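What follows is a pair of complexes built around subunit A, which joins subunit B in one and subunit C in the other.
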Partner chain A sequence: MLNNLEKNRLPLIFDMMASRMKKFQSFTGLLLIIIMAIILSPRQHGTGRVLFLTPENISDIFRQVSENGIIAIGMTFIILTSGIDLSVGSVLALAATFCAKLLTQWDPSIGQPVHIFLAIFLPLVVTTSFGTLYGLVISKLKVQPFIVTLAGMIGLRGFARFLTNNANLDIGFGDDVSSVFADLVSPKPVVISTFIVIAVIMSVLLSRTVYGLRVKSIGDNLIGARYAGLPVTKVLLITYALSGFLTGIAGILHAAQNHQGSPNDGISYELDAIAAVVIGGTKMTGGKGSIIGTIIGVFIMGILTNTFRLKGVDINVEMMAKAVIIVIAVWLQMPRQHKSKG
Partner chain B sequence: MKNGLTIAGVVLLAVLVSVTAFAEGEKDSSDDGYLVIFSQANNAEPYRAAQNDSFKELWGAYPDVTFEITDAQQDNSRQISQIETAIIKQPNLLIVAPNERGPLSEIMGKAKNSGIPVICLERDIVDANNYTTWIMSDNYSIGKLAGEYMVELLIKKNGEPKGKIVDLRGLLGVEGEQKRFNGAWDVFKQYSGITQEAEAVAGWLQSDGRIRMTEILRAHPEIDIVYGHNDPMAVGGYLAAKDLGRENDMLFIGVDGLQGEAGGIKKVIDGVLSATFTYPLCTDKAVEIGNKIMRDSDFVPEKVYEVQSMMVTPENAAELYK
Partner chain C sequence: MRDVSFSIERGEVCALIGENGAGKSTVGKIIAGIYRPDHGQLVFEDESLFSYTPLEAQSRGISLILQELDLFPSLSIAMNIVINNIHFKYLEKGLIRPRIINREVKPWLEKVGINLDPSIPVEALSMAQVQLVAIARVLSMNTRLIIMDEPTSSLTDDAVANLFDLIAELKHDGVTIIFVSHKMNEIFRIADSIVVMRDGCFIGKMLARDTDHDEVIEMMVGRLLSGKERQQSWKTNDFILSVDNLSTLRIKDVSFNLYAGEVLGVAGLVGAGRSELGEALFGMDKKIHGHVTLDGTLVDVRSPGGAIRHGFGLIPEDRKIQGLMMQLSVKENMILSRLDQLNKYGFLVNWKIQESVNELVESIKIKTSSIDAIVDTLSGGNQQKVLVSRWLMVDPNVLFLDDPTRGVDVGAKEDIYEIITSLASKGKGIIFVSSELPELLRCSDRILVMSEGNVVKILNTEETTQKEIMFYATRVLQ
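Showing the complex of A and B:
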């Protein structure tokens, strides 16, 4: 009797172990990449320390992944609903250029702090509104997210270029309000802590709230979710608005760090974000995934890039190597049975 | 459903009407005025946007000229079809900034053979018979000029032509990029003390210039000159160095020297760049020669006009800034 019970339990225990393992697979991937980075890293001139591990380089990496990280977090929510947002690169460019425009070509008599606040706030209102619009079209008109956000990607790129008349808007090289903005928003600690705060809040939002649960349910089974009476429209609206908002923040950070609103920045950022999300174990078909996974995905990509560049690897080789690593990373995280099926 | 269709129809109509409100240069040119069409390779690059603005201003001074711009958005086939449409309009002058030298060659020949004078702007095309005149500036000589100036700077800094150079490069497949690189390095090669410390492809962008430079700075403690093959990349390199407090250890050189707040000349005034080398818009010359071709039937243009680059240094930057 007991034996039988044990027998029944065994697969259960095995399943549990497997799921634990799976949870840590991304970590394993990250660990492997870090080990590789340490081995490949050149030595620091003079001190002989491993360059990759120096605090300066580590904080460089944090800073460099921040923008993609913030975008990828919003993308995780969207992919969890089995959607996609191809427009993030254009949205980032729009936020950055609009912010730069407000700082350099608008001269309200409202005092510097309010001016800076509005130069951050208004672009976020715009990007969040576009996100909401996507959500509306996707949930109400039932147009596929791919199509809607593809249209957004084209249209908003055009809008950003139209806003700036195709030129770059430089900020923060004199001593005007835009310099105060750049000094305020571009320092490393500001960028990195923005990323960390967003990651923590969004992680809680996804794993500990009713909204988070609904996001996953919709991605798991949309029709079921509708029949179950979930407020599908509302959830989709919030999710796309959230992505617009987060991408807007990334755009503001982008403008401050580069001292520029360039309408041509952010091209193919959507692919970096999607890559990070899938490397982090989120299913493209929705329903399953986590923010921590995405963060790991973001760092796997970031560390890889950093290592290649410290070594001075040719950019074309870098692209080829990244392609291979993305496929391997995702394959590693697929459920076991899929693999044995070949 | 019917309602939905009506709404869709109204939205479409509204979009079309508002789009035509933004149409440029749609004046009626059927009277005795001149029609000039400019086929631009890609409006979205700042250099080309400046070219468009300059043309609009220059042609604006001639009330009898109607000036139209088409944007090929960096797409050869789009530019070809836009030129086909232009041929149907039979303008008095066609100016083409070809996206690539091979694919645009034939259609420009067609335009010329249909009796339209064709000015080839900046980049050339494969068959020189297919344009009336070519107005250009040479990236190789700009690179060479920049190289010679950087050697001077190195002598000033290190007492001899010796130093470590970082190249921040644009897209490698582009001819202009290779010429700006080769022009400078053909000069550097004459001095054994000048070596390349690192190079990175930053795709012409300030943001990529900054990111790529950060890692270069970490891995290379000694750098004398950062040669950005355009101004935004050089500025990006400067921002990365400033972030590490190393902006005074090295000099930053750019190319393009555009006007305006975000242009390279302003960056020389601000002390961000030590120098920039203008890549002339060639628009002044194009308007000058174009006018002669249209208005003076006896005028025979030369086959090539080269517009010289100008060196912008802290000494003359304020004077050149508009």
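Showing the complex of A and C:
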């Protein structure tokens, strides 16, 4: 009797554990990566501390993932609608170069603070407008997001190069307006807190608002969303505009941190962002995913890079390792084939 | 489907007729080898067949032309004809030569009366032409038995006449044809014999010249009411919705009135325009002309969102494709159309949502482990209830239910009837589409019968019979 009971119970306990594991699967992955990083990390000269765990290194990781993190958050919303944005790398380059151009080649007779404000504000207006334009073409003309943003990826890269005549616009180190801008925007605390604030706001936006629920509904079942009377066009417009806006912010941080606006930066950033989103458990077909998952995905990629850098591993080996991690992470999160119908 | 037996002679045109879901298409698919029978046998040209693949069926001369034609849109006419029958004679040095194929398919195209360049892709053709290409394809495979599943459902009158001429010619050549349909007029125009099916059973076979419309209809519907009393009527004499000459691309000049507290049943066979009527009212289809008056005000609905604001709701026919978000929770699915009331500055108001969702889940008896359970894990009947409750939340004055009991179990069906009646008792106007006549007779006050996008007749439930409804539903208006 008891034996029987035990037998019935065991799978139940196993199921419970499995579902717990499932809920925090990407989190488990992050823990594993951190443990691996600690084990592999070299020691600091003199003190013998684990280099990976030093405050400088940890804040470095945060800084390094910030740009990809901000882009990936916008990408999460887009992928949740079952879309994609391939143009983020080009949009980042456009924002960075436009910002640098405004700072270095524009001399308005206004005060320095206003000049800096406009150098941040105007690029954001431009990138948000391009996002809105994608949303318009996708929802009204019904062209696939892949195609629309592929066109954007090509066209905006060209536009960024055209703006600067293929040149990198250096943002100086003196005390001119561009240096003030760089000093203002590039410090670690500014970059990291921008990332954290955006992550918190967007996470709330996705999980607690009408808009967030509509995004998931549209991605889950577009036809159903139309029958339910949801404002599909409006939601898609906002989502692509949001991605443009966030990528614009990443572009401005990029320009400040690198002290230049380069029209050739940001190549393959879209792939890093998409990788982070899928590692974080968001489904490419839409409808299911979370911001916290994406942030975990961003950190898994970031810590991996950091560990390899500390070890001095070749960047090409790093890419190969990332490829394996992406496939394993996504495979682990696929729904298993047992459903209870009742 | 159970114990179906009949026989057909060579060169006979046999019509297979029955209501929606009577098992007509299933019989066709079994004969063509797409489905396997559990038991029983098929004798074709003195040869007994039991289990075979569609390919084997084709090689013996049995072909099926599906309702939704299975051609390859971007391939040419000629390639579509030879595609599953590529022969060495079409090749030149191992490569496919369109020139040779185009020449080889000429006789078949002439046979079906297509005077087109065989290299035109099929997607550029009209429905009628595509149909003819499909026939040419089966003829090219040396077919002696053709099963056509509702071949006229998307054809114009001229095209139907052409098709019938072709059938007569094929019959003359000794080809046997099984013609699945539910259009009475057409059947009597071409069929030699008629096989009637109902609820998956064989009802009878007779010669077309020995019978008439009435007898066939009687055989089609000869089913008793499910034994339950008629639901109580709450009909009042106040108009809640008037539709006046409403036309879209798929419905023609539809006019009717709906009273507060009334359940208006909508009957009609597949393709009669029942769902399209709902979509027209719901602003999903572009209106060509006509007026809709809701609650005494003339409304111009251009989108589902607009329809909802005017107090009109629609529960779509296909729960999975048009209805639910399968990866979202019960709660999220239920509140989707009511979000404008459940938020404050765009933020979801959780206590309000919990309260209203819990109340509904309890009152309409949705069996779910929690309101946060993913909808996909629920049974079909409970999923349907979730979809219905999405609209109960919105609480529209007029609710259009498109076949809400399709594919749900008996218990859930009863619950859905209850919901309909209770809505009517609150003075709502209900439009209830169903393919099951007993259900319509049980729940509705009046029954609107549609055929080919037209309203053929509005019948009083008290005074009508299944037979009468079916008579109007199978009538093809000229």
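One rule holds for everything that comes next: the second predicted complex is superposed on the first by the 317 of 342 C-alpha atoms of A that agree within 3 Å, B and C clash if a C-alpha of one lies under 4 Å from a C-alpha of the other, contacts with A are read in each partner's own complex, and residues count from 1 in each chain.
By our rule, a contact is a pair of C-beta atoms (placed from the backbone, for glycine too) under 8 Å apart; a residue touches a chain by one contact, two chains touch by 3 or more.
In this text the structure is predicted, and so the values were computed from the model without any measurement.
When both complexes are overlaid on chain A, the residue A:Thr194 reaches neither subunit B nor subunit C. Once the two complexes are overlaid on the shared chain, A:Ser243 sits clear of subunit B and of subunit C alike. Applying the stated contact rule after C-alpha superposition, one finds that A:Leu230 touches subunit C and leaves subunit B untouched.
Taking subunit A as the reference chain, the count of touched residues is higher for B when subunit B and subunit C are set side by side. Of the two partner chains placed around the shared chain by superposition, neither subunit B nor subunit C is touched by A:Asn68. In the superposition on chain A, A:Leu169 makes contact with subunit B only, not with subunit C.
Of the two partner chains placed by the overlay, only subunit C lies in contact with A:Lys216; subunit B stays clear of it.
Using the contact criterion defined above for the overlaid structures, shared-chain residue A:Gln260 touches subunit B, although it does not reach subunit C. If you check the complex, the residues on subunit A that touch subunit B are 42, 45-46, 51, 54, 56-57, 60, 64, 104, 161, 165-170, 173-174, 188, 254, 257-260, 262-265, 306, 309-310, 312, 315. Of all residues in subunit B, only 43-46, 48-50, 52-53, 198, 200-201, 205-207, 210-212, 214-216, 218-222, 232, 235-236, 239, 243-244, 260-262, 266-267, 270, 272 touch subunit A in the complex they form. Taken in their complex, subunit A has these residues touching subunit C: 208-211, 213-214, 216-217, 220-221, 223-231, 283, 287-288, 339-342. Subunit C makes touch with subunit A in their complex at residues 282, 284, 303-305, 307-308, 314, 316, 321-328, 332, 335-337, 339-340, 342-343, 346-348, 367, 369, 376-379, 390.
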